[in-house]
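Take a look at the structures below.
Two complexes come next, and they have one chain in common, subunit A, joined by subunit B in the first and subunit C in the second.
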Partner chain A sequence: MTAAVFFGCTFIAFGPAIALFLFTIAREPLRVIFLIAGAFFWLVSLLFSSLVWFISVQISNKESAAQQKGLLIFGVVLSVLLQETFRFAYYKLLKKANEGLLTLSQEETMPISIRQLAYVSGLGFGFMSGAFSVVNILADSAGPGTVGIHGDSQHYFLSSAFMTMAIILLHMFWGVVFFDACEKQRWWAVAAVVISHLLVSCLTFQNPEYVASLVPTYVILFLMGVWAFYSAGGSLKNLKLCLTCKDKDLLLANHRPR
Partner chain B sequence: MNASDSDEDIYNERSALVRSESPALPSYIPDSDLTPPSGTPTKRLKAGISRRPGAAAADGGGSDPEVEAEEEELTLKYGAKHVIMLFIPVTLCMVVVVATIKSVSFYMEKTDQQLIYTPFTENTSSVGRRLLNSVLNTIIMISVIVVMTIFLVVLYKYRCYKFIHGWLILSSLMLLFWFSFMYLGEVFRTYNLAMDYPTVGVIIWNFGAVGMICIHWKGPLQLQQAYLILISALMALVFIKYLPEWSAWVILGAISVYDLVAVLSPKGPLRMLVETAQERNEPIFPALIYSSAMVWTVGMASPNETQRSEPDEEVEQSDGRAEPPSRHSRLLPEDEMEEDRGVKLGLGDFIFYSVLVGKAAATGGDWNTTLACFVAILIGLCLTLLLLAIFKKALPALPISITFGLVFYFSTDFLVQPFMDNLAAHQFYI
Partner chain C sequence: MSTLPVVFSAFQTRKMDLLSNKWIINLIFCLFFIGVSCNSVENKIYVHLNYTIPCVRLLNATHQIGCQSSLSGDVGVLHVLESEANLDWVLKTGPNPPYMVILDSTLFTRSIMMKLKTGSSRVAGVVVVAPSSNPAEGFSPHTTCPNENSGVYSESYDPALAHCNVTVWNPLGNGLSYEEYDFPMFSLKDDNDTQAIKQCYYNHNHVVNGSSPQYPLCAMQLYSHMSAVTDTATCMRRNGINFSLNPEAVCDPLGDFNVLASTRPLNYTDKGHKMGESVVIAAARLDSRSFFFDIAPGAESAASGFVTLLAAAHALRNATQEAQPNRTILYAFFQGETFDYIGSSRLVYDMENKQFPLDLDNVHSVVEIGQVGLHGESKLWVHTDPVSRRNSSVNEEVEKLIRNLNSSALNLNFSLQEPSFSQPLPPSSFQRFLRARPIPGVVIQNHNSAFTNKYYESMYDNAEYLNMSYPPNLTPEEQLEYITDAAKALTEAATIVARALYTQAGGSDPIQLQNINVDSQMVTQMLYGFLVKSNNSWFQQMVPSDFAIHLRERPTNFYVGVTQQHSEPTLLVQYLLANLTGTTVNITQDNCQNQREGEDDKESKHIYSYMWVQGAAPPNSTERVAFCVRSTVRLSKALSPAFDLEEYTSKDYSTWTESRWKSIKGRIFLVASHELEMLTLGVGVAVLIASLMLTYIISSKADILFSSGREPTAATY
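Up next is the complex of A and B:
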């Protein structure tokens, strides 16, 4: 394990997220605040699920490894459900805050739209989730040691980094789809988000068979990305215009900065 | 007070139409140093937010609801900007402290040497005795702080400015020269760098001299902010090293309670200090508060500018920040005139936030706890600023953040950490 592993894994795990943050969020104070608030909500959800898991472990049989693993799986499922619940709670809070601001300012436009909030809060969840999953592993990777010396997989760090990147981006897509579904009252979409989150987490139960867990995760990532793109208002036409840089007229017509 | 308040007394045809507020604030706590009781930075949270919606005035006097609506909209925009203007220095201070703790082992070494303010040792055998000792240490520390605060307020009330200035200069001298020399020495020792005394002398002399000038006299705003962040970090490191484990946590809790009481209760020393300063229309001492202020006016005819620059000149010797009139950017006169006074946060707040996060980083090699405390403190600060915008008066900056920080530290350390460790061992992801 060397500095190369440390930096490589850090950039793999956090590269896209940090790029997104720097280019789209860093300059807007309001978005930064909502990002950190989103991270806070994720943290609180983790706290509650850890509390329940901890209590269940204390009252269980600590000798039996099978029981401990079962409890851990239960903890994972509970944590996923709690995360989505807190995402919904954050959505409700933001709606209420937005409505309050709207009535206060008596203006037509809100300083920040619900779609931007969906993106920012999803990214906040993702940042915190990714950080909690991988930071300790990264810190260990900078130190001395040999990976897999006891017969475990040698790709531990790399697979962790890739998984973390997927999770962060997934949280962002889930946020966008979730908020959009709540806005339009499409509860089947909300259920789909919850189920896909559960699916991704349950796929990781197959680690260290990384092919079985990482490949489907990335497939789900791609699908969720496409879904989020469409629910955020994107379309093939928009994409083409953007890629050929012909969207300036369109944006000007809609009075939006590029 | 601060220069902004004296600015507000200037009425011209624009300002007469709208009200401008300057909430004061503070949680003021002189901290004690290692050696002779020179009180170092006290804290204060001050928000001088004033906005003048020029558009409303330009309408020829909009109706009241319109003016209020505009003001609320601007409040939100400026509110968010002020929050970020405080997030960045607080984050920087914490980053410096955590980076030092993790790399320079000196600050984590257990030492039997303790501050004279925490005389009871924690090396006892029983848990009860240890708890008792830490509570006793806390009581002593808090009483020292209370006595110092009251002493400072009394001095201020009886206008012993020279004494106060001397005290502040002495303490910042010690921080800038002695503590930074120690810090540099430890960094060199950690990285095994050979260095000679003349070079170190030149470095420390330059660092300290420029720091003294920036903090106590005039200097570029960003340099002053950087120095304030650095001395807060140094002070926090001293606390982290010399406060015993349990005492540190109890002290953090007790300081938040004291902060709450001292700022909000009618006879609280900090409240009296702020009110006295407000009555006399003076800025509170430099070297005690971090100011994110950017005073800029846009457009406007010259009479206004000269009026604005005069008060700046008057208070310049006691005002740490330098805002030369040339910094004002001129735009076309028909643009709206805005003035952003920024937010002020006391240095003690920086210090105690960093102590909390640094202690979280020092105990156990765990980064999750550090991250959790960091986010908790930022959210606490955000909530405090929100309350400040709502209540528009002096508020203590410690209670909410420290409470969140402590709750998240203990819960992450005891509950979340085993869960995440188990998950990482099996490589499960949630």
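Up next is the complex of A and C:
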């Protein structure tokens, strides 16, 4: 529509991700490296799934709308499964890398914990996924027109931006839960992550009924957020401590020389 | 040491394998990129306009005329103008300026356009919907006094006759073409696309009973940014600036070529005055214009004149080849006459400066054929210049010429008359000759005083206006051969002109005179070719094969265009004139295309011009039989002398230039309200700030928040 919409949607979509990057990742070079590697892994998964989809579209009957819709659903499901597969592959790679880093470095402690790696890799997946979801839409939002001349809903840009924000945060939460589940060999948790990813992706088929797709997505986002909070070591007690500002006393009391 | 090369070669072959594998994969990936679909989000937003005809900017020594858009296109909310009173909505009361006004052709009038021009801060552009039939009351965007300052009538020649004081030649002229607009103006056809645009307006923008329309509104963006500004001197100066490695020109002079042919060959290397040569110039003009760019059907203003002259030239072919009359007839078809007589001023300049094989002293008289389209009456008018006729010798010659014309019209159902009162010449190329010296001459027109052409220099001056009506259900070939009423009338006119020219040139054989007859079949074929479809079998026979592919399925466009681009009518008239006044010679294609008759012939190319034309296919085969035509047809450059002399503010010569542009396009889409946009930005900024604050708080308290389940060994956070 104009520059205002462009910046508004960019900030909505990437605001939380930029904030997280600035405050938690930007200062640590190791975290940045693993973030970018995570983004790359997501990109490769997308490449393979788009290859398969492209070939199947060329083979299929382009005229039949039902077949194209079926193909799209197939493509989405395949893409989700490939993304999760690559998340698992990245997990395995990171485990090996961590051991290698440990043998190479002089210190006795691991430079980066697996929990931090979970968070960083999830965020990397999220960045790249968000970029591919929304960048071309943002490019078109900078022009003078808005969606609607053929009868589509006007709120296309706004809902795409909110959806992207949800997806980025979800990837981060999924990363944390997934790695934690793999560490503790809880395969039902891994399955739950995959199923919730499938659910969110399939909810987008409700578009252009944006309410029907965004509200359940945000509900799932909240639930996954809570689960990730608990997997990362948080608890209700800690939350209450922070909120009532008794944390400073605890810090002093528990202060141990490192 | 000896193992190294082995290892190296093994490494190299491994590298080669990897390399070849990589190339195979690259190739496969590249192949997959064929058939990638276009941007679907853009398709959801914009609908591109297919057929867009802009109005472009033209500049001369003192002014710029035409339209201009901003560099990134002008966006405006659509408004279909219902009446002149509805202009209030656009200019004063409408709540969502700027507006893109859509005009039906009936509302494309001077008063509405002037009001839009003054309120141009609220007007983003104007779109004119061209109708499918001509408006009954006439329309002419040209000025009332065409070529006012570049003809012969000025304060010094005769102040009483200057500036159309005696006769206003184009009374219907509203001068719209010569105004400057700072918004883009496009023309659309009245077809499905335009219906879709109007539908978009009715769905989203149409207001009922004074309420304001709700967002989102239908809007249009037009791009027609013109690079040149102010006037010709400025843009020619900017052409010459060499800042970068690729200097970009901003404007180009208008011009093309004049087509000339003579009954006796002239040696084009022998320039300047030719002793003992007395020439009768038979002139017509080739070009026309309209308000919009590259649309110039010019049926009555241009085609009627030069088709008559072409037919007369053909009729005179035999008479002037067997027993040559004493004077040579020079057929001159001038280009660029609409824009201050570019072609004729150039020829006069060349003659004065010994750049042409003839001199003004060689010119005996001038017969010019102006607008001769007839709409039912069988009368033509002979206009002369009263000032030069004050000289008795000139007057005598003019009267002799008029007598010749009248005697040629005797045996035909035609009458030629002089206007009843003393009036100046209408706008004509002959005026440029008179500016140089008083030469006897006449201009033949179809009007007594003011033009009868209701659509002078407009997009409605087309075949329909000239009464070229064909019976329904004819194939294109049959239409080509069908003799229309217009063709019959022009045949008569051409016969008169041909016979008068023969007599004027000194021909005295009465039998020859009687045998000069114009073929009406040829006239109707020419009219069809120029005004209906240039890609027809008759034209195909007469052009060389490399031009045949440029013949179009639509009428010829008579706009003169810039000098670099060859205009279609010039070339068509050149080939036609060559075929109609020349002879077939039996020489090889190689010799023909090299302008010689034999291997050692070096002289012919200065006198004759040779053309290898496609020819027709004989009845029982499909291969065309090509042949060589030898004629005296020449193209002479029609570029205003102002550009050679670099006098870009010249008052004597035409200084018209056309601006250059990068892209001309348009698209329609919906726009959202300003409030919604600001709301989106506000929400975005709020989300960003909130997430920044939240993240800062959480990360500073991360030790506490994520402390349970901590590994026993202290890990860095």
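Note that in this section the second predicted complex is superposed on the first by the 237 of 258 C-alpha atoms of A that agree within 3 Å, B and C clash if a C-alpha of one lies under 4 Å from a C-alpha of the other, contacts with A are read in each partner's own complex, and residues count from 1 in each chain.
Keep this in mind: a contact is a pair of C-beta atoms (placed from the backbone, for glycine too) under 8 Å apart; a residue touches a chain by one contact, two chains touch by 3 or more.
Note that the coordinates shown come from a computational prediction; the quantities given were computed from them, not determined experimentally.
In the superposed model, A:137 lies in contact with both subunit B and subunit C.
Touch criterion met: A:111 reaches subunit B and subunit C at once. Of the two partner chains placed by the overlay, only subunit C lies in contact with A:238; subunit B stays clear of it.
Of the two partner chains, subunit C is the only one that A:22 touches; subunit B does not reach it.
Of the two partner chains placed by the overlay, only subunit B lies in contact with A:75; subunit C stays clear of it. Of the two partner chains placed around the shared chain by superposition, subunit C is the only one that A:12 touches, whereas subunit B remains out of contact. In the superposed model, A:129 lies in contact with subunit B only, and not with subunit C. In the superposition on chain A, contact of A:51 is made with both subunit B and subunit C. Counting contacts as defined above, subunit A residues 51, 54, 111, 136-137, 156 meet subunit B in one complex and subunit C in the other. Residue ranges of subunit C in contact with subunit A, taken from their complex: 32, 35, 39, 41-42, 44-47, 75, 200, 216, 218-219, 221, 667-672, 676-685, 687-688, 690-692, 694-696, 699, 701, 703-711, 713-717.
Those residues of subunit B that touch subunit A in the shared complex are 65, 69, 72-73, 76-77, 80-81, 83-84, 87, 365-368, 371-372, 375-376, 378-379, 382, 408, 411-412, 414-416, 418-420, 422-424, 426-430.
Per the touch definition, subunit A reaches subunit B in the complex via residues 29-30, 32-33, 36-37, 39-40, 43, 46-47, 49-51, 53-54, 57, 68-69, 72-73, 75-76, 79-80, 83, 101, 104-107, 111, 128-129, 131-133, 135-137, 139, 156, 159-160, 163, 167, 200-201, 204-205, 207-208. Those residues of subunit A lying in contact with subunit C across their complex are 1-2, 4-5, 7-12, 15-16, 18-20, 22-24, 51, 54-55, 58, 109-113, 115-116, 136-137, 140, 143-150, 152, 154, 156-158, 161, 165, 232-235, 237-239, 241-242, 247, 250-251, 256, 258.
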